[in-house]
Amino acid sequence: MKFGLKILPKPEVLDTQGRAVQSTLERHGFALSDCHVGRYIVFEVQNDDPAKAKEMATAMAEKGLYNPLIESYELEKL
Amino acid sequence: MSRVGVLRFPGTNCDRDIWKSIELKNKTPEWLWYEDSFDPKAYDAYLVPGGFSYGDYLRSGALAALSPAVDSLKEAGELGKPIFGICNGFQSLCESGLLPGDLMRNESGRFIDQLVDLKLQNSSQWAPYETGKVFRMPMAHADGRFFINEDGLQSLKNNKQIWLTYESNPNGSVENIAGIMNEKKNVVGMMPHPDRALFDWMGSTDGLQFFDWKG
Amino acid sequence: MELQEKLKLYRINEAEYGRIQELLGREPQGVEWAVFSALWSEHCSYKSSKVHLKKLFNQSDRVLESFGENAGIVDLGEGERVAFKMESHNHPSFIEPYQGAATGVGGILRDIFTMGARPIALANYLCFGEPEAERMPELIDGVVRGIGGYGNCVGVPNISGQTNFHKSYNGNILVNAMAVGLFTKDDPICLSKAKGKGNLVVYVGAKTGRDGVHGASMASESFDEDSESKRPTVQIGDPFFEKLLIESCLEVMKKDLVVAIQDMGAAGITSSSFEMADKGNVGLTMRLDEVPLRDETMTPEDILLSESQERMLLICEPEKLDALQKVFHHWGLDAVSIGEVIDEPVVRIQWKGETLTEMSPKMVVDNAPEYERPYKEWQKKSDESFVGASDNFENLDELKTLLADHRGCSKEWVYKQYDQRVGASTARDCSSDIGVIALPSGRALSVVLGCRPHIMRQDAWMGGVDSIAYPAIEMAAKGFEALATTDCLNFGNPEKTEVMSEFVAALDGMNKACEAFVTPIISGNVSFYNETLDKGVSPTPSTGLVGLRPSVNNIPHSSFMSEGDEVILVTLGDGWSTGYKAEMQSQNSRYHFSTELSELAKRTQSLREVVNSGGVSASRIVGNFGLAYTLARMTLANQKGADIRYEGPATYEAFYQVVLTTSKDNSEYLLKQLRDHELGAEVIGSVTGESLKWNGKQLSTKDIKEVYETSWGKIFPQL
Amino acid sequence: MKFGLKILPKPEVLDTQGRAVQSTLERHGFALSDCHVGRYIVFEVQNDDPAKAKEMATAMAEKGLYNPLIESYELEKL
């Protein structure tokens, strides 16, 4: 079963990339705001039971795919 | 005396190093600020120094490639002006389309600072020597793994655009590629640092031979 | 809030609370709590160490700035001056290794360029726990990536360092970073002394967020179970932003647009504003509501305590504000005026037109508590009966075990991740025993770190001496004169008598050595409370010395260079330690040292003169693990062996010996020179073949290289 | 109008990060396969007309947020 993991810096944490990307795009004439840059991770879990698979995927995210001190994540089933 | 335009982006940090290299060869460097477009005919050659333009955010060289100065640089490329990108400069030339392919995270996933031996595969005006010549100098980068798809690689070979290769591959680059040229051979880029091999006390002087270009 | 809760939150004890009431003549109100909490924290006030730091030897005819300012400055002559300082970021690195280490580098760099010096070199001193300790590989990985990630991007080469391991660091790793900055002929030195009624207080750099709120007081506390809950928002470093800050700040200083400038470090805008006013004997108004914020919901207290990175506070004449802002805008940064300098000596903190508090900086800063923490007179453990005779070194396989140990194997994995050459001025990088930068004048500047924790664990006083003598001798062996010192005193809980006793002893040892070697301590940092669940680190007063050599050319190498060179052992002092090997194998640890420090310093100077008289192809101090290991290290770079005959100890560590190599033709002359200078010198062998021969027994240079260079990967497969 | 941009390395590109993440998780005893690491970028576009906004967001992606040589992207409206 395939999952996608969206990881973004926590709102209260400084997002250095988002700051640089936004100000650069603005300087080049794009009108955008609230830009944040994070990571997107896709992976396949060997388990056909959706509930079980979801559980495993969540465990992986928690175990090492994101840093709870500075990031938050959202898991999506693909 | 030949005028050399040196591009500066926010985060460029080898600008002074390049300046020294150019002056050593009795040429006249001039700064070109990323926000300002310039007259592409005004200079005899252009250098894009190393560093961390825009902190390497998004992709190394990607944000630099969006700047007005690079638009002017593209025109200079069209005019056949000699253009040389080193390290982050090479990355920016690839991201801006002046050179084919792209530079990705080293295979080890880490920044690597070490001495490397480079072999000249095809001569260029930036290093006009017989092929097979070997140079020693430092490399220092996290995103130096040259990638290009199969067709791209074929045409690099067919047009003799592979400029320099590593004697032993430090970062996973395809075909040990350390530096390439564009089709017209006026635009070149390399990951290692000739600007850090200029004096005996640096451990090597081979870098001097990369600032001997014609014009 | 209950008073007791308040005292706990702001980490102010009963006595200090009483003092505050006395000073104010009333109860502290609102943000005043935050101000006292920040400025009276151990981190900002040095309340446990000040009485001892005052005793430090900190002057010489080269010293231009010593303490008081953001960093010390020494004069190199020929118009060149260097500013340097070392700082710890231990607690944050244990919590979030990458950001903790990265922001440590960013912070120390700001201390340097705030003074107007362009950063030209970094060095780092790291202490980790045992490889198998919980989280250790992850911590090592994060710290090294963090230091590299910041330094490489901001474009300052990391040219030297040290990596130590010991179980006492299992729960408290140490991450110390040193930065060196250069002033060339016409670069002005900028100070943090606010002056000039009507001048503007200008805020420059990143917006303020909740990062590290209450961080300063947290760094002044031991970890315990609920450290979790105490965690402030992790400070994130942005080296890209810092690079822009460096270029813009140096530009406005060169253009004479600033009256005074100070970075916002620990306790952020509170300490910068109070200290700038205090130094200038003036007052300031600050309109906190005009501070650029990342999070609009922040309270005045949050703003006062925020430790957001990459921010500076500066004083500027009103008519120069436009020019100043132009420069910062050119670099894509904002500079906003948030207040004025006033004659009345008070810092007036305002919020939306109303005054929150108005306190005299003198009152707050100069009355910060000072504690004479209890300690015991130090009993030196030097054991005269220990003469360092044979250490019954059996065979060279013992040497292999040292080269294979995580404490003895190559640290290349670490420094390969650091850009050691950006700036194109590096003459000796991390692979050498000293870091060297070529100065514009053609001379050479060296940077070496000191403090060998295993010596400290033998005897804090001796360890203190060694933390100065060892690097000074390493420099002399390469022809450099050590000029001055910075330190970073990492200790456990100062409220414990044993810890305080070690602190005082170590400082005394350092101080005596600094006097003897004339290497004044001109900047530094104290980090107490490196303690988790009552277990503290072994005393670790790391040091950083800078040295000067008349030329960057022909500096002796650190490895055997040419077949036939003679190997000469120079003895500078009378002393031995059973050393690192004995500690590793928990054999009983003994040492003795009986040379007058003034004599040791004199001989060190003689060694330097001899080395600079020419002909020395390679040199190396006899370091950790003793002579055999040191010689083995000298075979690495060029895979050249040596045939050594030496009856003295193979693994005991001398206080002090140096290995020199020179061509056969030159050795007569060199020996005479050494002896004329009354230095003990004997030929112990010659460079030859492809193996290291020790009194007949041998080990091939190939084996040495293989085990030295591949062991790290075997110990840390996950890295 | 808010958008999310999922960027992944193309299949023919060696994805060293994905490889590293997968082996780390496997060391922790997780069973997964086909792991890839890319970038996730969120940003707000100042335009209330959905079509127009989408157009602007796409333009930004094409202009440089992703590199067609090595990456593919998927734009989602949030």
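We call the chains A, B, C and D, going by the order they appear; numbering starts again at 1 in every chain.
Following the convention adopted for this analysis, a residue touches a chain if its C-beta (ideal position, glycine included) is under 8 Å from a C-beta of that chain, and two chains touch if they have at least 3 such contacts.
The model shown is predicted, which means the values in this text are computed figures rather than measured ones.
*Asks:* If you tally contacting C-beta pairs, which pair wins, B-D or B-C?
*Replies:* Comparing B-D with B-C, the pair joined by more C-beta contacts is B-C.
*Asks:* Counting only Cα atoms for the centres, state how far chain B is from chain D in Å.
*Replies:* The computed centroid separation for chain B versus chain D comes out at 28 Å.
*Asks:* List the centre-to-centre spacing of chain A and chain C in whole Å, with centres computed as mean CA coordinates.
*Replies:* Going by mean C-alpha positions, chain A sits 37 Å from chain C.
*Asks:* So, what's the distance in Å between the C-alpha centres of chain B and chain A?
*Replies:* 34
*Asks:* Find every residue in chain B that makes contact with two or more other chains and list them.
*Replies:* Those would be 54-55, 57-58, 63, 66.
*Asks:* Touching at least two other chains at once: which residues of chain A meet that condition?
*Replies:* Residues 16, 20-21, 28, 37.
*Asks:* Pull out every residue in chain C that's touching 2 or more other chains.
*Replies:* Residues 238, 240-241, 332.
*Asks:* Based on which chains are in contact, what kind of graph results: line, ring, star, complete or other?
*Replies:* Topology of the interface graph: other, matching no listed pattern.
*Asks:* Please give the residue numbers of chain A that touch chain D in the complex, ascending.
*Replies:* Those residues of chain A that touch chain D are 2, 4, 6-8, 21-22, 25, 28, 30-47, 56, 59-60, 63-65.
*Asks:* Over in the complex, which chain C residues touch chain B? Could you list them?
*Replies:* For this pair, the touching residues of chain C are 145, 148-149, 152-155, 238-241, 243-244, 331-332, 415-424, 426-427, 438, 552-553, 555.
*Asks:* Which of the residues in chain B come into contact with chain A in the complex?
*Replies:* Listed in rising order, the residues are 35, 54-55, 57-58, 63, 66.
*Asks:* Can you check the complex and tell me which residues of chain A touch chain B?
*Replies:* 16-17, 20-21, 24, 27-28, 37
*Asks:* Would you pull the chain D residues touching chain B in the complex into a rising list?
*Replies:* Per the stated touch rule, the residues are 12-14, 16-17, 20, 39, 63-65, 67, 69-70.
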